[in-house]
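Sharing a structure with you now.
Here the chain labels run A, B, C, D and E in written order, and each chain numbers its own residues starting at 1.
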Amino acid sequence: MKENDFLDNTTIISYSGDNYEKTDFSSISEIDFSKNKTNIKWLNTYGIQYEEAFKTIVHQNKLDDFLIKLLSDDEHPNKVILLDNLLFVTIRVLKTESHVLDSEQMIFIVSTDFLWSIQEKKGDYFNWIRERLEGNKGIVRKKSADYLLFLLLESIIDNYQDTYQENAELSADKLNSSHIKPTPEFTSLVEKRKQELFNFKKATLSLRDTIIKLEKVEIKGVESKYFSELKEQTNNLISNIDFELQELESKINLIFSIQGHRLNEVMKTLTILSVVFIPLTFLAGIYGMNFENIPELKFKYGYFILLGIMVLITIISIWYFKRKKWF
Amino acid sequence: MKENDFLDNTTIISYSGDNYEKTDFSSISEIDFSKNKTNIKWLNTYGIQYEEAFKTIVHQNKLDDFLIKLLSDDEHPNKVILLDNLLFVTIRVLKTESHVLDSEQMIFIVSTDFLWSIQEKKGDYFNWIRERLEGNKGIVRKKSADYLLFLLLESIIDNYQDTYQENAELSADKLNSSHIKPTPEFTSLVEKRKQELFNFKKATLSLRDTIIKLEKVEIKGVESKYFSELKEQTNNLISNIDFELQELESKINLIFSIQGHRLNEVMKTLTILSVVFIPLTFLAGIYGMNFENIPELKFKYGYFILLGIMVLITIISIWYFKRKKWF
Amino acid sequence: MKENDFLDNTTIISYSGDNYEKTDFSSISEIDFSKNKTNIKWLNTYGIQYEEAFKTIVHQNKLDDFLIKLLSDDEHPNKVILLDNLLFVTIRVLKTESHVLDSEQMIFIVSTDFLWSIQEKKGDYFNWIRERLEGNKGIVRKKSADYLLFLLLESIIDNYQDTYQENAELSADKLNSSHIKPTPEFTSLVEKRKQELFNFKKATLSLRDTIIKLEKVEIKGVESKYFSELKEQTNNLISNIDFELQELESKINLIFSIQGHRLNEVMKTLTILSVVFIPLTFLAGIYGMNFENIPELKFKYGYFILLGIMVLITIISIWYFKRKKWF
Amino acid sequence: MKENDFLDNTTIISYSGDNYEKTDFSSISEIDFSKNKTNIKWLNTYGIQYEEAFKTIVHQNKLDDFLIKLLSDDEHPNKVILLDNLLFVTIRVLKTESHVLDSEQMIFIVSTDFLWSIQEKKGDYFNWIRERLEGNKGIVRKKSADYLLFLLLESIIDNYQDTYQENAELSADKLNSSHIKPTPEFTSLVEKRKQELFNFKKATLSLRDTIIKLEKVEIKGVESKYFSELKEQTNNLISNIDFELQELESKINLIFSIQGHRLNEVMKTLTILSVVFIPLTFLAGIYGMNFENIPELKFKYGYFILLGIMVLITIISIWYFKRKKWF
Amino acid sequence: MKENDFLDNTTIISYSGDNYEKTDFSSISEIDFSKNKTNIKWLNTYGIQYEEAFKTIVHQNKLDDFLIKLLSDDEHPNKVILLDNLLFVTIRVLKTESHVLDSEQMIFIVSTDFLWSIQEKKGDYFNWIRERLEGNKGIVRKKSADYLLFLLLESIIDNYQDTYQENAELSADKLNSSHIKPTPEFTSLVEKRKQELFNFKKATLSLRDTIIKLEKVEIKGVESKYFSELKEQTNNLISNIDFELQELESKINLIFSIQGHRLNEVMKTLTILSVVFIPLTFLAGIYGMNFENIPELKFKYGYFILLGIMVLITIISIWYFKRKKWF
């Protein structure tokens, strides 16, 4: 039953410059990378759970048996492992649409004349490649399996680039520099975006590592130029992410600067007012006392003289703050 | 006596594709890596204190005598030292369960056809490997000693990954972003977690260094692909740690932002109130003075006029703060 | 029609030590890098949209067909891709005049005896090189195509250097250290300049990467010494940018220090005044109470004794602040 | 005279697996590394000032004459310089006991069969090695001069490790996390320790560089495995230093967080009190005025009504702060 | 005329182990590096503006014609460019005396048997080398041109070391840790020194890059050991600069810590005083009201009871602050 399931989810495309053929299987034993030597074979499986079937394929095609161990691992971070004339590549394809760090597993096993791709979930990621192959568009049918791997990886990178672009625009709307608010809520939004970006950068760096390893691989029939091209694309994406991170850092600095400035403004207002009124209120307090003998109280113009003194004190205070450039 | 002790704590497993044998020893002189050439020998010792026994084994098997010096060191950080066709590997296996930085020493001496593991403490770390060997599960019996080393190291990395996961979840519960408190106690918790992570990262980086050195080792019969696989696993762990560190850094920023914001709020409240009431209180003070000649006091509606002026001052102050966007 | 358009925008310069020739084409089929082997051919196209024409040229000159894929990409970050005895170089030339991050695409395809440059926009960037070629100035006519590439890249770097210089002077005027203002507006200006610089540094780093890759390329007839020279120039530019970034970082530190200092000054003023007057006002309040029995009120010199006590309190407060070095 | 001085401070130890000999000299001309080829010669000099004697030794043993230049330099940072089949190694051995950055100069000149060590000061650093040599302990007598260099360097690293350990414990006592005080004095202590550590790290990094260079040296008879071992030890020390630096950084963060928190607490206390009492005091001021016509003053229960209003205002204020979670 | 000028500023020193000769020229055509093959020739020119003369020398000695391009550049950052069996080295020698970032250009063109040095300004930088050459001191006359380059570069590094030392002492006097003042003026001084150091570090790093490139150069007759020695010296200088930068960073931290502490102290003083006096003043205000019916006012000991209550409130407040550890 599991075998049937596996067979339902597996197809092979076999192509060369002149021909193209897509077949299904009725039995695992039909999967044979060695037949039809001049064609490139692309075996595609949806689902990573068919351990037994994988084992059978590895054995009957006499592939490196370390593959069995590798395919049975529970979790796959991005990996490139060089086996005997085989490349084992796994990539966790990040999906950032939902702001949840969801990802899909993809596994590629590549040799000169075949590529075996295992995708965790069904999807139309690679349909455009199948169309190019069938319609003989571009140069893919003239090239060997490494070019196919290049196209598969390019799909993934393009997808990263698109999701990054979208998210960046969304976030730019929310965090527009022109109305930075020095509230913890705003800070929290900025920090959340920073974490999103760090996560995205982590995934992209890991993908670049994978590509750099592929670029350095020395296997007959694997050309580094394809992976140079991919590396430049990931480099570009990473430097865009770094730039946005830099902008967010600036925003945090600005928030703290605005907070500091506001506090200064508030305190200055309070202080100026206090400095002006505290001595005046004290003076009023003095002449509100009930001592029997306060001579000034009996002066005819005592009240008016005091008001004059108060005006004078106010003027002096204001002049003092002006000199100190407080306002 | 010490020799008997050593013998009690030492077993050898000898295996090849077809056979599996586990033996104890009655004398150190029986430990001979050269016999039964086609089998892989796995010698395991619990306890690192048997210096004399180690010396005897090194001599009678004609291993590099620098091993004697290395085995007699008091402390072993993570090391990979390449001797003549031998690898000397030591790892301090971190135990983070108890939040105390406890660790256990493990030493591996590996050649093409034997592996000598020395564990500081008895434990069931590697029992699953013994079971695989005995039950001939997986591909371990078909492979040479480097694959055994791979499995031993994988156990250690898996253990790191598990303890990290556990601790991360515990800490996430305590430091949940949604209720950050700007208290020194909370800051202290965040900083403590940061130090835990730094320590863990240090251990993992050191382990990765060890694995990278193993990957680069050029000894006949040691295959780099196994260690590539391990390296990818440690890389994954390190990037998870980095991501959590980043989150904690964000929390510290948020704490300071909240502190700044609260101070601003508190000061604004104080200032608004003071600015409104200080002049009013001053005015009340004025007419509380006991001068004999204060004409206003005798106006019939003096009191009500003053109340009106006070209301006016209040309205102006509030309008001023509204314009300045203080509330 | 598109072909005619392409032909209008394309010219070839063919030169050697002794001769120089500039020709236009009437048909794409005339573009043949293989004729006149002893001359260097420089094909220049304005416009990156002539995909079909590019394809034809690649085919009829039997260049690596991966070029077709590369030339059909929508976006080109800086790239160096090594094809069979060919170099594919793309550069996004940053234009910083308008403070908008505008850029122009340039593509160079270089072999020993030809260089094909594709510029997105018409411009007089490279006219001085054409003049040198025509007038046989300098050593350009004696050298092969890699020297031509060197001169083209030098133009770009010189342009970067000039725009950087200009912008740096403009910004220095605005952000002059001697009148740093601790306002969010000033902080915002500093941060904006920092982002400008980061962007510029990003572009320059990417250009340096390109040049470093060119330096390391091992193609017959490409000499690394030219690119060493260019690398030193970009290094110089990067270290100038880093230095300005450092200055801006210092300014941010100074702003926060000034803010903190001002807050301290303001608070000290408020506190000193409050500490002096609050107890005095309290005392005045005490003797303003209307209790029937307050013996002090009846003392003949009660008022004057109280004034004396107030002066004493003031002196003690001031002495206390002096001792605490508050002013 | 200077020569006699030099001879007094110089001894040679000559050893091989079977024999051990320690001799003094009566004349510089007796110092001849070439005699007794099968033995390892260890020449030790206390004092770096004997330039003339050094020159004579270099000449009569036909060593690389660049040694003369090197030995006449005034100051020696850590260096490894590869001469013709000779290694010139200098190390500044840091002494951190006295918290003053004191250091001692050591110079090692190493070839396959001799090692010449020059120590600035007399000391018993290397006595344990002499004892091992004399007593034929360990494997030192079976190894060549590079193993001797390994032991000398190990002494230095062990000493670093010990002094680090001691200082770390001393500082941990003073800066114990559990009673962090947010005073400039405490900050200053933390920063002083940070600088001490940076200095120590600097010295250790420089020592590691030296060892890494020794590891990479390709001289006949110098085995990299010894220096691998030393490198791992310095790596371990550096990662311990980094960890303590990280802890100190956390302390600085905590100090600032505590300061911010305290300020908030202080300001909240002040503000709550002010907000409650300022309006009350204003009301009391109103009814302390001396207008002739204030109707409320004549109400029988005016005073008690006002007290009631004041209680009401207080309750409202407190309710308001409770709702705002100020306490 | 320009040629005469050039000849006036140019001398050649020709030396070998046995002879030494210093000559001037009457015509550029006499400058011929190929004559007298066994001698080392050191051509020295003051002034970088003699483009035409340089061109003639390059041509008549058949040096790499890329030199002409290099010598005609307007600005030279530090460069090492490897030409055919020639080294082209340019260094901007920083002058830090005047705190203005002034620098002098030096160009060295080195082959096995000649060195051509071009200095922008006349100076006595290298006179001590001429004296050593003339007096046959040291080993310079026995060595080839690379040793001469080594001595020239060592002069420059020594000069850097000296100016750094001087500046560091000057700055240490001004910024002495024991009297850090938390004023913007002090911060500004610290930041200015930081920028000075960054600039100096930039120059030293660039010089080290130059030396590292020289160390790696593979030209017949250029020995890497000389440049190893120089590299160690620059490394030492850089690590001293880094240490001072670290100290300055600590000072900035301390300044902010002091500012925060002072603010806390000031606020505590204000708050304690306010908290004590505000309720007392309120009470005095209550009994200063003029209600006709305030029963307490008629109590015989009302005044004294109130005073008692006030003392009680004061004691409670002080006890509260003591418990909260405010003082």
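A few remarks follow.
Simple rule for what comes next: a residue touches a chain if its C-beta (ideal position, glycine included) is under 8 Å from a C-beta of that chain, and two chains touch if they have at least 3 such contacts.
These numbers come from a predicted model, not from an experiment.
Among the remaining chains, those touching chain A as well as chain D are B.
The pairing of chain A with chain B is characterised as different-residue: of all residue numbers used at this interface, under half are used by both copies.
One rotation lays the C-alpha atoms of chain B on chain C, and its angle is 145 degrees to the nearest 5.
The distance from the centre of chain A to the centre of chain E, with each centre set as the mean of the Cα atoms, comes to 38 Å. Centre-to-centre, using mean CA coordinates, chain C is 24 Å away from chain E. Residues of chain C in contact with two or more other chains: 256, 260, 263, 267, 270, 274, 278, 281, 285, 288-290, 294.
Taken in ring order from chain A, whose neighbour in the chosen direction is chain B, the chains follow as A, B, D, E, C.
By the touch rule above, chain D contacts chain B in their complex via residues 138-139, 142, 177, 225-226, 228-229, 232-233, 235-236, 239, 242-243, 246-247, 250, 253-254, 256-258, 260-261, 263-264, 267-268, 270-271, 274-275, 278-279, 281-282, 285-286, 288-294, 326. Chain C makes touch with chain A in their complex at residues 65-66, 68-70, 77-83, 182-184, 187-188, 191-192, 194-195, 198-199, 202, 205-206, 209, 252, 255-256, 259-260, 262-263, 266-267, 269-270, 273-274, 277-278, 280-281, 284-285, 287-290, 294, 296-303, 306.
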